[in-house]
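For reference, chains read A, B and C in written order, and residue numbers begin at 1 within each chain.
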Amino acid sequence: MAREKNESVIESSLKRKYKLQAKGVNVFYDDFQAIKGISMNIKPNSVTAFIGPSGCGKSTFLRLFNRMNDYVDGFRMEGKIFIDNHNINKKKVNVEQLRKQVGMVFQKPNPFPKSIFENVAYGLKIQGIKDKTFLQERVESALKQVVLWEEVKDNLNKSALALSGGQQQRLCIARTLAVEPSVILMDEPTSALDPLSTAKIEELIHELKDKYTIVIVTHNMQQAGRISDYTAFFYLGEIIEFDKTNKIFTNPEKKQTENYITGRFG
Amino acid sequence: MNNIKKNRLKDQAFKVWGIACTLLGLVLLLIFLGNIFTDGIQRINWSFLMNLPSRSPEKAGIYTALMGSLWVLSLTTIFALPVGIAAAIYLEEYGKKNKLASILEVNISNLAGVPSIIYGLLGLEVFVRMMEMGSSVLAGSLTLGLLILPIVIVSTREAIKAVPKSIRDASYAMGASKWQTIYFQVLPASFGGILTGVILALSRAVGETAPLIVIGALAYVPFAPLSPMDQFSVLPIQIFNWITRPQPGFVENAAAAIIILLLITFVMNGIAVYFRNKWQKKLK
Amino acid sequence: MRKLKEFVIEKLLLSSALITIAVTIGIILVLSIEAFYFFSEVSIVDFLTDTEWTPLFTNKHFGIMALLSGTLLTTFIAIAFAVPVGLSISIYLSEYAPKSFRKTIKPLLELLAAVPTVVYGFFALMVVTPYLQGIFPELSGFNALSAGLVMGVMIIPYISSLSEDALHAVPYSLREASYGMGSTRLQNSFRVIVPAASSGIIVSIILAISRAIGETMIVAIAAGQQPRLTFDPTVPVETITSYIVQVSLGDVQHGSLEYRTIFAAGITLFIFTFLLNTLSHKIRKKFQEKYE
């Protein structure tokens, strides 16, 4: 009896240490099971990479944290997702509020067909913020964080679509930073970019770690090795192994992980 | 001649026939436009545009008809534009999966195929008689508004569909609500396409004759409308009236008025195509 | 608060969409109610079998066949002209013509459908009829032939555009197979592509027929105002649509039997076009399933 109580005290203090948590999560699309019994704890101010072959549930699982799967036909979830200890699937949770806390960057840069300024200010605009000075400060700050400010500061009214691919992706990151979230989800953010832009964004992620909790899905194992603190290896909807990146890449526990890392299957 | 040669010959013959058919329609169009042009161009002058209808062909002008068309076009827009766009937004963004949406879709495509004169009968009973609007500009505009509603809805839907999903995803991921996404992203991005569709629908409305005749638009109206409840005429009805008059002078008048009507129609079509091209470039 | 706003907006948008249902119900009710009153005075048997339509004369006959024959005759002439021409255009553009030609021609052809019908009517009466009278001197000043031919010109794009889309939708692999066996474009077109696109082509023809049946101004101006059960294209006739125009231009008492005739005629027209449109919709649906 007493032992159980102690364990629950330890458990609950452990909980506060985690920014993101998943408990016994199963995801179904109609009859197809995309995620099988995954539990995971992610620490704040870390970079966690999800690796694994295509179609193994990485993106699906990522999107549980900002509930973007809600829009997909036939989506059904069992289990719980916590952010800062709050269950985000409870009825009273305002999903729009959630997405201000949890930002997302997509695989293909998707700036709005508007000016650079309007893109970055969008997240604030929809909250009803109209104060021009405030907006300008936030936009400048966000663009500086993604190291885009110097390149665009004289052309904030230019269309965002005129920027290069790498610049557009950095713009999309700035867009999410402007609302000052605490978590940033990235779904293969550099797979559509050239190596130079990729390098710039990886550097950016490294710097963002100080202020944000980052989860990144990537096909590129070297990338995961370069930028993440923790790595989760997904295979067919399950997590085969989840540990410090160092360990996964030098001394994995599971044979399957080792096979994937060394390229025996893709 | 062996088979292969025969077949080749037939192939070439059909090619010639195909080109001939293609050009036939266009050549006919050119011929009759040219014919109308020569018939009517002499008649066009400032007084023709500013005069009221008259029993003598030389004195008659299209002023009241032009004003009537302008009035009707404006009111039709005021009615059909918001309703059509709202309905299209509902069907594209909200009603995607429910049964009601598919009933609405079938119904709209049916309405698009109903002959325009039937809309006239509807307008006559409901607007002119039941709602006691009389044969007024308002009744005519509402009737035409219903007529072009399916066109506005369909073309607005196409414009909304063309907005890439990635933009909606990005907007939702930033915490925007459905309506915010529609209002701040989807509508501005589809604006050019919507505008194109509306202008095309209106260029159709400006040439409509039958439904307005049925609701009682008159051919001989000695004044331009000053309020929506006034009686009215429109350019196509004026043309129709002049065609049916026996005096030869009226044929010239009709031809001249046709030139004006075609000018308006083609200019509107041209503007619509211009906007469509501009908008398609913008989305890329 | 936000949720309430979203809910209200959704319902407002829905009500706009529901207006379209109100329109359909309105059309059906208006036509049916007035037709009901009409048929309480005129027997349906007379309506369908009498060969004369003279509701405005003292000796009244209410045989819709007289008007229907005018409608069907002009439609037939229009379709007889537009289908071969329109189909040939669509095959030529789809299988023979270079892409740039196709791109420039297609919008030009669609211009044919953009011209206001009152303009076509003028052309039919003032240019086509006198010209045809040069060839057939017995041709009367108002006749079904001129009106039908000009209607045919107007509906060419209905057939050519839609058929061309249907031909274009046929997968390229079919053409490859046929050319690979050494067929000419002509053989390929008629033996392989057209049959494959047949549902789409049929849909375009049905829609063109529906459009021709509902056409008003061309026939009102050029075909005449004499309802007559005939297949003779050289004499004046009257169609359902031009009859409605004729009555609307005159002084007919609201609520009278004569007034109600336009609704009886109107509901006949509506039934025809509704059936045609429904048929084309069903065929189109089946066609879509075929290529998915």
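The rule is simple: a contact is a pair of C-beta atoms (placed from the backbone, for glycine too) under 8 Å apart; a residue touches a chain by one contact, two chains touch by 3 or more.
No experiment lies behind these values; they were computed from the predicted model shown.
Chains making contact with chain B as well as with chain C: none in this assembly. Taking the mean Cα position of each chain as its centre, A sits at the greatest distance from chain B. Every chain gets a centre from its CA atoms, and the centre nearest the mean of all protein CA atoms is that of B. Annotation: 17 Å between the Cα-based centres of chain B and chain C. Chain A and chain C have centres, each the mean of its CA atoms, that are 57 Å apart.
Centre-to-centre separation of chain A and chain B, using mean CA positions: 50 Å.
The residues of chain C that reach two or more other chains are 2, listed in rising order.
Within chain B, the positions touching two or more other chains are listed as 177. Counting partner chains per residue, chain A shows two or more touched chains at residues 96. Chain contact summary for the complex, chain C toward chain B: residues 2, 5-6, 9-10, 12-14, 16-21, 23-24, 26-27, 30-31, 34, 84-86, 88-89, 91-93, 96-97, 105, 107-109, 111-112, 114-119, 121-123, 125-127, 153, 156-157, 184-187, 189, 207, 210, 213-217, 220-221, 241, 244-245, 248-249, 254, 262-263, 266, 269-270, 273-274, 276-278, 281. Those residues of chain B lying in contact with chain A across their complex are 97, 164, 166-167, 169-177, 180, 184-185, 188-189, 282-283.
Put simply, chain B touches chain C in their complex at residues 7-8, 10-11, 14-15, 17-19, 21-22, 24-26, 28-29, 31-32, 35-36, 39, 82-84, 86-87, 89-91, 94-95, 103-104, 106-111, 113-122, 124-126, 129, 146, 149-150, 153, 177-179, 203-204, 206-210, 213-214, 216, 219, 236, 239-240, 243-244, 251, 254-255, 258, 261-262, 265-266, 269, 273.
Residues 66, 68, 71, 73, 96-100, 103-104, 106, 108, 110-114, 122-123, 125-127, 172, 175-176, 179 of chain A are the ones that touch chain B when the two sit in their complex.
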